[in-house]
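In the two assemblies presented below, subunit A is common to both, partnered first by subunit B and then by subunit C.
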Partner chain A sequence: MQIRTLKDALSFGDLPASERIGFILFIIFCLIFPWIIKGGFAQAVMVQFLVFCLYGLGWNLIGGYGGQVALGQAKNVGMSAYTVALLMVRWDISFWASTPLGVIEATIESFILGYFLFRLRGHYFAIATIAVSLVWQQLFINWNFVGGARGIELPLREPPNFIYMRFDSDIYYHYFAFLLVMLAILYMNWFRKSKLGYQLRAITSNEDVAESLGINAHWVKVKAYCITGVFAGMGGAFYTVYYGYIDPFSVMHLELSIMIALMTMIGGAGSMWGPIIGAMILIPLDRYLGAWLGGRGIIGVDFMIYAMMVMIISAYEPRGIWGIIEKARRKR
Partner chain B sequence: MGTKRKITGRYFLKVIVGLLVVGVALSMGFGMTIAQPPEVKIGVIYPLSGPVAHAGKMSKDAVALCVDYINNKYPDLPIPIGNWEGIPGLNGAKIKLIFADHRGEPDRGADLAKKLILDDKVVGICGCYHSSVTKTVSTVCEKYKIPMINPESTSPVLTKRGYKWFFRATPHDRIFVRDFFEFLELLTQGKVSGVKAVPKEEIDEIGVCTENTEWGAGTRNVIKEFAKKYGYKIVSDVIYAHESPDLTAEVRRLLAPKPETLMFASYISDAILLTKTMKEFKAKANIFWSQDVGFYQPKYMETFGPAINGILNRTVFSKKLFAVKPVAKYINVEFKKRSGVDFMGTSARAFTGMQAWAYVLNKAGSTDPEAIRKAAETIEIPGKELIVPWKGIKFENVGGETNQNTWSSGLIVQYQAQQPEIIYPLDVATAKFIYPWPGLK
Partner chain C sequence: MEMLLSTTISALQMGLLFALVALGLAIIFGVMNIVNFAHGEFLMIGMYTAFLTATVLSVEPLLTLPIAAMVGFLLGIASYYMLIRYLLKGPMIAQLLGTFGLMIFLRYLAMCIFGPDYKTLEHGWLIGKSIKWGPVLLSYPRLGTAVLSLMAFGIIYWLMDYTRFGKALKATALDVEAASYMGIDTENMRGLAWGLGGATVGIAGALLMNFYYVFPTIGMLFCMIAFATVALGGFGSIKGAFLAGLIMGLIIDLGGTYVGPQYKLALVYLTFFLVVAIRPKGLFGW
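Take a look at the complex of A and B:
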C-alpha cells in the first residue's frame, strides 16, 4: 500500500508529454535560479513565489478539486506561523521541532472549524470562512500573550544557524522552500489519483449524486480542508523564519486569503499546475510593478495594471490560464 | 576597380583616424567622468501608496529637499549644508536617493530593502514611517551589515533589540507619553500657564483609543504603564483597525464611561473618521490628546477647520518654532513652495533624518559600512543646525536601548485659532493653555 502510494506520487506517466517536459523545466529552473540570477530582489521574489506555490497548491485541493470557495486560508497560515514563533521565542525550541507542532496546530484547527463550516454550502460557506478568518485575526490583534497587534519578532542569531533556520543568504531559504513545493507537488500527484481525490471531484460535479453513491461529502470535505491546513501550516512556518517577524496583518489578513484564492483561480483552479502558473504570473507582477513604479512616484498604476491583467484573464477564460492552455491543446 | 580600391583604402584610413579621434575624445570624456565626484546612493523606503500615502509623500518631499540642499550650493541657507556641494568628506560626492514604496507591508519592506542593498548597492537605508516595516527592514540591514537611520518610527521596542546597525533619530512613544503625564502633573500643580491648578479628579479618568498596528498597540501599552505609575484610571480602552470604514461602535464604547481625558494614536484617515464620528456624538471631555501623525497633518486641519481648536498633540515640530529657529522658517518656505504644505512632525523628522545621514557620511569620509556605523555611533550634531527643537543628534546606548538619539525631545502643542501653539515644555510655551477642551464645534 505504502509502495503503491509512493509510486503514485512519483509517477507522472499519465500526464501528456508536454506537461512532463514543463514540470522538468520548472525543476531545472528552480534548481539553477539562484546561480544564474544574482539579484537580491529577484531571489526574494522567487522565495515569495515558492511560498505562494505552496499556499496555492494547498488551497487548490479544497478550492479547485473540491470546488469550495474557502476564503480563510490566511488563518491557517497564521496559526502555524504563530505556533512556530511562540515556541521559538518563548521556549527557545528549534525550527525543526516547532514546525511539526505548528502544522499540527493548523491541521487541528482546520478540522474543528471545517467540521462546523462544511455544514454550510455555497455563498454561506464562503462568507462563514471570511467571518471566521476575521474573528481569528481580531483575536490575535487583542491577545497580549501572542504579542497582540505588535506581533512577534524572532531574535537575531548569528548565521548560519541551521537549528533556527537563520542564514545570511536567500539561497538556503530558496532551496528549502523549493523542497517544500516539490513535496507538495508529489502529494498532489498522488492525491489526484487517490480515492479521496476522486471523491472530492465527484462532490464538486454534483454533491447530491456523490452522496447517493455512498460518499460522505461532509467528511471528505473536512479531510481535504485539513490537508489544506497542512500546506498552509508549512508555508506559515517558513514565512516566520524567513522574515523573522509576524503580526496579525501579515499572516492573518483577509487580503492574503484572497490573494491565494485569486492566484489559484487565475492559474487554473482544479488543475495540477494552475496554482504554480498563477503564482508565477501574479507574484512577480505584483512585486516588480510595485518596486519599479512605486519607487518612481508613479503611484497606483501598478494596481491598475495588475487588476486589468486579472480581469482580462478572467473574462477571456474563466478557468484561468490552464483553461487557455487546454483550449489551445484541443485545437491542435 | 583599381580606383575604387584606392578610394576604399583612403576611406578606410579616414574611418580609422576618425575612430581614433572619437576614441581619444571619449577617453578624455571618460576621464572627466571619472574625475567627477562619485555618487552615494541611499535607499529611502516609505509608504507611497495605501492609506498613509499622504504621510509617505510628505516625507519623500522632505528628504528630497534635504538632498537638494546637500548636493547644491545654497549660500543663504544658515546651516553648514547650505555651503556644501555634495558630501565634503567624500570629495563632494552627491547623494542619490532611491525611493521604494512599502505600502505599509512589513514583508514587502524587507524585500525592497534587499533590492536596495544587494541590487542598487546603497550605502544605507532611511525610513520607513511604519514601526512594523521599520522592524523588518532594520532586520535586513542588520543581516547585511548596512546602516539604517530611522527618522520617525516611534515604537519603543525598535531600539531595545540590541541592533548595531540601526539608529533612531526621533524620540519614541515612551518619551512622548511620559511628557504628557508630566504635563498633566504640572496641570494639577497649577504650573501650566493660563489655567489654575486643575483637581486631579477632573482629568484622572482616561479613555484610550488606538489603531491596531505595531505603533498604536505600542502606544496603548505605554499609556497603560504610565497611567498606573502616575495614578490615573483607564476607564475605556478601544483598539480598532485603521482601515475601518465605520468607527461608530468604537466611539460609542470609548465615550460610554464618560472619560475626562481622551488619548488617541491614529493615522490620517481614521483620525478624520474618529473626529467626524465624535462630532456626531457631541463628545465631551476635559482634555483631548493625540499622538501626532493623523491628528497633526495639514489634511486633518483643512478638514475640520476651527473645530480642532483645543486638541493637544505630541509632536517634534510647530510653525511657532520659527520665532526661535530661523533655519526652520527658511527651509519651510522652500518646502511649502515644492510640496504645497508646511512642515509637520513627520516631514520635519524625515528632513532631519536625511540631514543626519549627510553628517554621518561626511564624518565617516568613506562609504565603507563599518566606517559609517562608527561615525554614526560617535556623531554629535548640534541642535542649532536642525529644524527640530532638539538639543541635537547623538546616538547612545542607555537604559537598555541601543543607538537611540538621546538629544531628541518632544513638544506638546495645542490648536489655537487653527495654529499649533507650543504648550509644553513650559519654558518654550508660545501660548496659554486652553482648558477644558471646548469640544468639537
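Take a look at the complex of A and C:
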C-alpha cells in the first residue's frame, strides 16, 4: 500500500509528454536559477514565486478540485507563522521543532473552522471565510502577547545558521522553498489519483449526486481543507524565517488570501499546473510592476491589472490559462 | 438611561443607512442568486461622486443625491452587461471571483485617482449641525439620512409591489424561463435589477458623505456589514433587509458603546456566524 502511494506520487506517466517535458524544464530552471541570475531583486522575486506556488498548490485543493471559494488562506499562513515566530522568539525553540507545531496549529485551526463552515454552501461559505479572516486579523492587531500591530521580529543570529534557518544569501532559502514546492507537487500528483481526489472532484461537479453515491461530502471537504491548512502552514513557517519579521498586515491580511485565489484562478483552478502558471505570471508582474510604479508614485495599477485578468478569465474561460491551453490542444 | 436613549436613536438612524446599503445587495441576490462582492465599492463610488460634485461644482451635498443615484444606476447596468451576464454562465467559483475582481478593480481605480487620503465634506445644509430634543442630541446629517433612507425604502417598496416593473422583476426572480414565456424581457430585468441595486447604494453613499469620511478601501467595511445584514434579513428579501439593517445598527452602536469600540466589527461578524449557523435563510429568506 505504501509502495503504491509512493509510486503514484512519483509517476507522471499518465501525463502527456509535453507536460512532462515542461515539468522537467521547470525543475532545471529552478535548480540553476540562483547560479545564472545573480541580481538580489530577481532572486528575492524567485523565492516569493516559490512560496506562492506552495500557497497556490494548497489552495487549488479546496478552491480548484473542491470548488469551494475559501478566502481565508492568509489566516492559516498567519497562524503557522505566528506559532513559529513565537516559539522561536520566546522559548528559543529551533525552526525544525517549531515548524511542525506551526503546521499542526494551522491544520487544527482549519479542521475546527472547516467543520463548522462547511455546513454552509457556496456564497455563504465564501463570505464566512472572509469574515473569519478579518476577525483573526483584528484579534492579532489587538493582542499584545503576539506583538499587536507592531508584529514580531526574530532575533538576529550569526549566518549561516541551519538550526534557526538564518542565512545571509537567498540561495539557501531558494533551495529550501524549492524542496517544499517539489514535495507539494509530488503530493498533488498523488492526490489527483487518490480516492480523496476523485471524491472531491465528484463533489465539485455535483454535490447531491456525490452524496447519493455514498460520499460524505462534509467530511471530504473538511479533510481537503485540513490539507490546504498544512500547505499554508508550511508556507507561513518559511515566510517567518525568510523575512525574519511578521505582523498582522503581512501574514494575516485578506489581500494575501485574495492574491492566492486570484493567482490560482488565472493559472487554472482544478488543474495540476494551474497554480504554478498563475504564480509564474502574477508574482514577477506584481513585484516588478509594483516596484516600477511605486517608484513613480502610482499606486494600485498593478492590482487593477490582476483584477482585469480575473474578470476576463472568469467571464470567458473559468478554467484559466490552463483551460485555454487544453482547448488549443484538443483542437489540434 | 439618557445615554442609552441617545445611543439607541443614533443606532436606529445608522441602521436605516445600513438597511439602504443592504437593499441593493438583497435585490441583486433575489433576482439572480449572485453575490455582489463589489457592492461596498459601489457605495464608495457613490460617496466619491457626492464628494466631487459637492466640492468641484460647489453643489449642496444633499442635492448630489440624484447624481449619485444616476452614477450608481449606470455603474450597475454597465457591470451587468459587461461582466455579470457572462459570469452567470460559468460555475459558482467564477461568479464569486468575478465580482471579487470587479471589487478590486474599482477599489484600486479609486486609489489611483483619489489617492489613499481620507476626505470629508465641510459645508452643507446639514453638516455639523444638531438639535437638542429633551435629553437627546439629534445630529442633522444622521436625521436627514434616516428620513431620506426611509423615503428611498418606501419608493423601492412601492416599485416592487405596485408597479408592472416590480411584478416583472419578481417573476424573473421566481422563474426565469416562465417569466420569459410570459413575455418579460428577463435579460433587461436582470440588468435593471443591477441598476436598481447600484442606484440605491449610490444614494446611500451620497447620504453617508454628509457625516462620514471617504477613502478608497471603505468598501470592505460596509460590504461586510451589508453581507451580515442581508444574511440576517434573508437573501433577497426587502422587508428583511430593512429590519435587519435596524438590528445591525443597534448591534454596532450599542456594542460599540457598551462593549468597546474595537469590538464593533467582531460583533458584526459574530452576528453573521450565529445567523448562518442557526437560521441560514435569515429572518425573511426563502
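FYI, the second predicted complex is superposed on the first by the 311 of 332 C-alpha atoms of A that agree within 3 Å, B and C clash if a C-alpha of one lies under 4 Å from a C-alpha of the other, contacts with A are read in each partner's own complex, and residues count from 1 in each chain.
The working rule: a residue touches a chain if its C-beta (ideal position, glycine included) is under 8 Å from a C-beta of that chain, and two chains touch if they have at least 3 such contacts.
Not measured: the values here are computed from a predicted model.
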item	value
First, second, both or neither for A:G244, with subunit B first and subunit C second	first
Touched partner set for A:N142, first subunit B, second subunit C, both or neither	both
Which superposed partner A:F41 touches (first subunit B, second subunit C, both, neither)	first
First (subunit B), second (subunit C), both or neither touched by A:R4	neither
Which of subunit B and subunit C A:K331 touches, first, second, both or neither	neither
A:G300 touches, of subunit B and subunit C: first, second, both or neither?	both
Touching partner for A:G151 - first (subunit B), second (subunit C), both, neither	first
Footprint overlap on subunit A, comparing subunit B with subunit C	142, 299-300, 303
Subunit B partner contacts - residues on subunit A that touch it in the complex	39-45, 48, 141-142, 148-151, 153, 156, 159, 168, 170, 239, 243-245, 247, 249-250, 287, 290-291, 294-297, 299-300, 303
Residues of subunit A touching subunit C in the complex	63, 67, 69, 116, 119-120, 122-124, 126-128, 130-132, 134-135, 138-139, 142, 254, 258, 261-262, 265, 269, 298-301, 303-304, 306-311, 314-316, 318
Complex interface listing, subunit B residues touching subunit A	48-49, 53, 60, 98-101, 103, 105-108, 110-112, 114-115, 117-119, 132, 135-136, 139, 142-144, 155, 157, 161, 163, 212-214, 216-218, 221, 239, 241
In the complex with subunit A, residue positions of subunit C that touch it	35, 83, 86-87, 90-98, 100-105, 107-109, 111-112, 115-116, 216, 220, 224, 227-228, 231, 262, 265-266, 269, 272-273, 276-277, 280
